[in-house]
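Two complexes follow with chain A in common, the first pairing it with chain B and the second with chain C.
Take a look at the complex of A and B:
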């Protein structure tokens, strides 16, 4: 269909009435590229070229001052990363962020979506509007309001805890709680949004499957396990993949605003480490080397995830 | 058969003492009410605290005993709040407009023509969301410095003037646009430029609107890039203003909550007016 339009009589109207054939041909071939130019230019200048530059920088030592020279150090940055404990700890913490987020972004929303599928009536929209709200709240605002709610001496949560007879908890200053607290704040924004995604997918399931199974005497749990979950698998895998790929990035703001990686580095993840190396210790080479490891790692994970999604998603044809 | 069962179930009068049914209903609503509270209470508490006078700030009563604008006055005195809000509106509106514009052009090229490397281009655009910003931030920062973009709104907008998800959303919308209409216009001698702006774009209004809302909110909430570029508070956006205010006056809880409320107000108003569209556009675009 497209080719018809390109070679059809209409294409003479492309603005080149009497140009020689060859020239007209190249000009016509250039047209799509003109339309694509703005997007490609911006992505090239601000994403792909910087990616290449970061790759180059990872072999240099440089303190980011424009006047300071860059010295070539080969693989030294990578070797240092392997020996410094920072990177290992940051990688472990990254894993904890992701594993901690999955219950909040997948398990709980999925359970709620299935549990509340029969919900009807005017209240349904009210709930929708309310539970989605955290998603549009700015991360900085979320950080600030949770900092207040979780304040050790005067926060609402600790008020409630001491009212119930528990000890107060230093959510953001106790190293045993800080990481979990940041996971919760990151997840707080996602719960309602994920629930709505699962609800929409669940509502899209053809009712006749469920009715047929019910007539065959399937129990409620069997219906969920053998019909709903397989049919929801594309959405489950999608949200799981998003959480794995971006979960640690979403928590960056909270680390930066609330804990600065502490206490005792307990909340540092790889994305915060990149920032710390780059803009706090001004070790551009080290930051870039760590960046390359992170990028390669997540690109690999994305590739595997997409493969898995293609293989294990169950589609209702 | 299915219909019969459904009809029978609907027709069956609910017995007044159907305990199982009632408790199931209660459990449903209980779950949703709990979830709603988890979502809304923190935001409500922010607004409530912002209205408490200093002597009432640590109270845990649900509503301030004597609401006062004191905290807001303090914020407006110590922060160039309106200036920052205006900066943010300009930045977010420009980002959204440019993402729609560049997205329309690219999506038109990708749906309209089959050309060499179009598959590669498509992949390059889609894969750009896989590159974490923290990985490219140093070269980006160096480039922005060299171009004199530090501490400017232009610097905040330009790198975000194109977005993969904008191209992909518009690409999907355009793909379902009826080809016959375009072919007919071509037969009438219309040029591509005119077809895009006078035929395709007006018909994609819904997709464009939802994309624009999404891009506006994302840009409004953007934190990391402004953090790198900002120098003076009066040239920065509200997110940075908030962060600076917290760093300086971290324990003035009332004022901090007032500042956070002011920074969220425009987004909350948009949400109240367009909630259905906002929810749908977020759901369509996935999580990033």
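Take a look at the complex of A and C:
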């Protein structure tokens, strides 16, 4: 990587004598590469090399011990993933996580940001602090608090439910509820973050547009629909894309602390599965193969998202 | 041979010697004459219960008696301790002593380079120490005729029960259930009459390992494997699981959070709890002045004698340096001494691996008289059956597939026998070929 960066395009090979002008040109062309070198190096070492290594590993069977031999198994890891029900279920669950998170990371924060925009002084800050608070709670602490709140025997939530005359719900034990519960906890942590971004974008909208529309007699809803939402569209698309690409990853901590993928794998997702294969059962090959599938899938989705973003986001000049 | 291939061989050789015991009979130093620090990976220290305090107490006492040896104790959660050691060895940080569960025994001996005590310690010295320990216990840490793990803390599953809930359900707390049919009846009575949970075994959670599950199926005459053939999905092993499923379906066996069963028991919401005796001290503390906690032997299937398997751990040494090996061995000896087992049994609840202290008033004599609750565990010691570990490089995947299958069979909606048969087939594909 560094050699490319230093010689760069336009360098003279073959040891031919170089004209002074060409040399000056080479030096100038090399400067941007020099600036980029540290970043490129870090990217190569931490992203691309591991990626290539994972790709290689996905064709081997290996338990991550230096003394154990790596056995080449061809496509066997991929075949096993296709036949085992684990991967299929994890993929479906991942989709559910993403779809479930979107309302919590996009719709709700957007509404909160727009509605609190016109609140007066201290009230707005109090309100926003309350919304923002979950974000700064450490994830493991949040997970444990929710475990207590949702406990079937002595949790506050079930206490309230039975007080209202409902049956108790095993939020983390019943497989019909567990996935929804984890989506909620992950989303609850995200609301603050998204609201912050939306509020900032919303505050950045030039007030003269809004005033002009008001003078033309636009209603509050019309202002939101025709002025605010189009101008917020880059942020909306960004957060939507982030949720799609990273949402399921953000749930990892809660899966790990609260359910371990259970009950009966109802809350597992591809990222938890990767970790389970790799670091719980030490199956590096299988984990890498699953990783490659996930990587390819999400690379495709990211590509499509970026295209859509370019096409549909509206930028104020 | 060109230069590159020679270089390759040298690096390969260097890598090999770095990870394998250097020579089979490199004996340790005779004594520790200069200050030395050894690391001790311990999982009791990582738990927020009585085990951590007792372990700290023992290490402090050891350092006081051996001023030249400093023990750097690292608390690591039981479910992570093996991967942690593997990672540290790969990173070149050789651990000296580690407390590890038995499930990784074969792998530790063949691939991780744990020292065999027979190769490290002079024969007479080793014999002198081992002869005072229980042979069934020592057997658990042996592989291929050599002692890689010195059995340390261990226990068998015992049935904790809440006598108050028994009374409330109209049951006689002085006659705890002895068979699974009786557990079933009591479980139904408790859940119907008190609204609390009937029965739950600590067999399915992330830190539970497989020992309670193995104890249940072995007591019915089943086993998880026969040589290189997995057998958990057939015969008596499957039959025992079907019994548990039936108890889930009729409400005797609770459906609670697999990871917080002990909290449910401690808070008085569970009638019967089958789990390691290592929790005895902690549960007694929680139950004090709140409910009447009692213990009984683990239940059996009809008249068949139960086969309690062990949970718990052995001490493994990895030191390559002769002086550190001596220091490590001194620690091993100390932690299995009369003094240590007095602390381990009375303050944590594990079984003493030496029976010579049970009647000795200087050690456990008085305590055993005052604490009749240790009796079921002591009685089970005679029938102690070794926990079965899986062989081959994929042993952890096999274990995972088995436990996933068991959970699905017991808590799922499908036919348990079918679920187990499918899991067995998947697991078999990962076993070593004969």
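By definition in this document, the second predicted complex is superposed on the first by the 270 of 317 C-alpha atoms of A that agree within 3 Å, B and C clash if a C-alpha of one lies under 4 Å from a C-alpha of the other, contacts with A are read in each partner's own complex, and residues count from 1 in each chain.
Note that a contact is a pair of C-beta atoms (placed from the backbone, for glycine too) under 8 Å apart; a residue touches a chain by one contact, two chains touch by 3 or more.
The shown structure was predicted, so the numbers you read here are calculated from the model rather than taken from an experiment.
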Chain B or chain C, by number of chain A residues touched: B
First (chain B), second (chain C), both or neither touched by A:133: first
Touching partner for A:242 - first (chain B), second (chain C), both, neither: first
Partner chain(s) touched by A:260 [first = chain B, second = chain C, both, neither]: second
Touched partner set for A:170, first chain B, second chain C, both or neither: second
Which superposed partner A:64 touches (first chain B, second chain C, both, neither): both
Contacts of A:279 with chain B and chain C, given as first, second, both or neither: both
Which superposed partner A:154 touches (first chain B, second chain C, both, neither): both
Intersection of chain A interface sets (partners chain B, chain C): 64, 66, 147, 151, 154, 279
Contact set on chain A toward chain C in their complex: 61, 63-68, 84, 147, 151-154, 170, 172-174, 260, 262-265, 276-277, 279-283, 286
Chain C residues within the chain A interface of the complex: 15-16, 19-20, 83, 86, 90, 111-113, 197, 206, 255-260, 264, 267, 269, 393-394, 396-397, 399-400, 404, 407-408, 411-412, 426
For the chain B and chain A complex, residues of the former touching the latter: 1-2, 5-6, 27-29, 31-33, 35-36, 38-40, 42-43, 45-46, 49, 57-58, 60, 101-103, 105-106, 108-110, 112-115, 118, 121, 124-125, 128, 130-140, 142-143, 145, 158-159, 161-162, 164, 167, 179, 182-183, 186-187, 189-192, 217, 220-221, 223-224, 227-228, 239, 242-243, 246, 253, 256-257, 260, 263-264, 267-268, 271, 275, 278-279, 282-283, 286-288
Partner chain B, residues of chain A touching it in the complex: 1-6, 8, 10, 13-15, 29, 31-33, 35-36, 38-40, 42-43, 45-51, 53-54, 57, 64, 66, 112, 115-116, 118-119, 123, 126-142, 144-149, 151, 154, 156, 159, 188, 190-193, 195-197, 200, 207-208, 211, 215, 238-239, 242-243, 245-246, 249, 252-253, 256-257, 271, 274-275, 278-279, 284, 287-288, 291-292, 294-295, 298-299, 302
